[in-house]
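Working notes for the structure below.
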Amino acid sequence: MQLGRVIGTVVATVKYDGLEGIKLLIVQPLDRHQEPEGRPVVAADGVHMAGPGELIYFVGSREAAQALPETFVPVDHAIVGIVDATEELATGGA
Amino acid sequence: MQLGRVIGTVVATVKYDGLEGIKLLIVQPLDRHQEPEGRPVVAADGVHMAGPGELIYFVGSREAAQALPETFVPVDHAIVGIVDATEELATGGA
Amino acid sequence: MQLGRVIGTVVATVKYDGLEGIKLLIVQPLDRHQEPEGRPVVAADGVHMAGPGELIYFVGSREAAQALPETFVPVDHAIVGIVDATEELATGGA
Amino acid sequence: MQLGRVIGTVVATVKYDGLEGIKLLIVQPLDRHQEPEGRPVVAADGVHMAGPGELIYFVGSREAAQALPETFVPVDHAIVGIVDATEELATGGA
Amino acid sequence: MQLGRVIGTVVATVKYDGLEGIKLLIVQPLDRHQEPEGRPVVAADGVHMAGPGELIYFVGSREAAQALPETFVPVDHAIVGIVDATEELATGGA
């Protein structure tokens, strides 16, 4: 999975039939300092609660559809968690 | 999925048999400001209505074939929606 | 799929058994101006007619093996079409 | 697989149901000199022993879920080994 | 597949059970001039003969496991051929 931030939504009238009812959000991937890096992706909301500006993690490729009620859909990115906090681990401890 | 813009078509006489009848478009991926970024891809038109210059979103990898009538085809990118608008979400609300 | 140009062949005596008889070509991916961009890939020739210097499109990841007679082989890129021409679409029309 | 270093953990209350009980770590991919390169990923801990600051290797895409007890989960990166040492091979020997 | 050079091995005591007995090598991907480019990958040796410094080609993603005796393992890169030579094709001939 990767860390990202929800930056928008997509409005589409014409779409593949199997995508009806799936909420699509625009997600900006983040670097290790949680700054934007790379191209945004359009991800399905697998947790049904992702809001604007939130820090989330999303899954890509074949696994994304596993987060949806119907798995045989053409979806390759899905939000699977909302991040409360990230913790930097102290090196040396366990 | 990723946002992209349709920038052309591909004309090919010699192709893999299973690709007969599938319309292939050249799609330029876009960055968060909807400017071209990265290499274009050749995508199948899963919505049968994608026109020139249109803003679309496409799916990649294994999921692309799910958007086609016949799923056991060597296709790894497919257009699955035409974007009417993208909305930047206000941070802080929900 | 992506656009690429055939730039060479690979000669290999020692290879995975399932790859016997599959012709492997070196393909250089192209940017939107059809200039070389990124690392070349080694692709199976799914159309059996791809020649030197030709403009082709190739499929990646899981879908590549779909273009071969035997689909359970460790192949992740395959040429699936030879491009006669690409056409830039006029924006605004349909 | 790729080499990476564990740099943190993710705390998430809201997540996809199938992800309950899976420990997620933030992993920074490394270049050939084992310096950070590219975006960090959020990976499941497939060895149940990966600690802070450790050098590990992780698997991506569809294969990641193979490292977990339940394979039909939306997970696309998993730590599958803790590195004791890497050895540069002498060129010319065998 | 991609061209790469074997640059090292990985020694790991703690690893995912299914990876016991699989030899893992560090492979540096190469650009079209066969110079190092991008991050190295940790690949399973699918030909059982890849030696130090050798020029090889490797397969990625889901297809990698197809090169191993047991295909349900979390492996996403595998060496599937040792390159004797690469030939630049003359443009125009066939």
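All chains are identified by letter, namely A, B, C, D and E, in their written order; residue positions are counted from 1 within each chain.
Keep in mind that, in the parts below, a residue touches a chain if its C-beta (ideal position, glycine included) is under 8 Å from a C-beta of that chain, and two chains touch if they have at least 3 such contacts.
The structure displayed is predicted, hence computed values, not measured ones.
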item	value
Neighbouring chains shared between subunit A and subunit D, ordered by label	none
Shortest chain-hopping distance from subunit A out to subunit C	2
Angular offset of subunit B relative to subunit E [C-alpha, multiple of 5 degrees]	145
Chain centre separation in whole Å, for subunit D relative to subunit C (CA means)	31
Rounded Å distance, subunit B centre to subunit C centre (Cα mean)	19
In subunit E, residues with contacts to at least two other chains	61-62, 64
Chains listed in ring sequence, where subunit A comes first and subunit B follows it	A, B, C, E, D
In the complex with subunit D, residue positions of subunit A that touch it	1-3, 29-32, 37-38, 46-47, 49, 57, 59-64, 66-67, 78, 80-94
Partner subunit B, residues of subunit A touching it in the complex	6-16, 18-19, 24, 26, 28, 36, 39-43, 51-53, 61-62, 64-65, 72-77
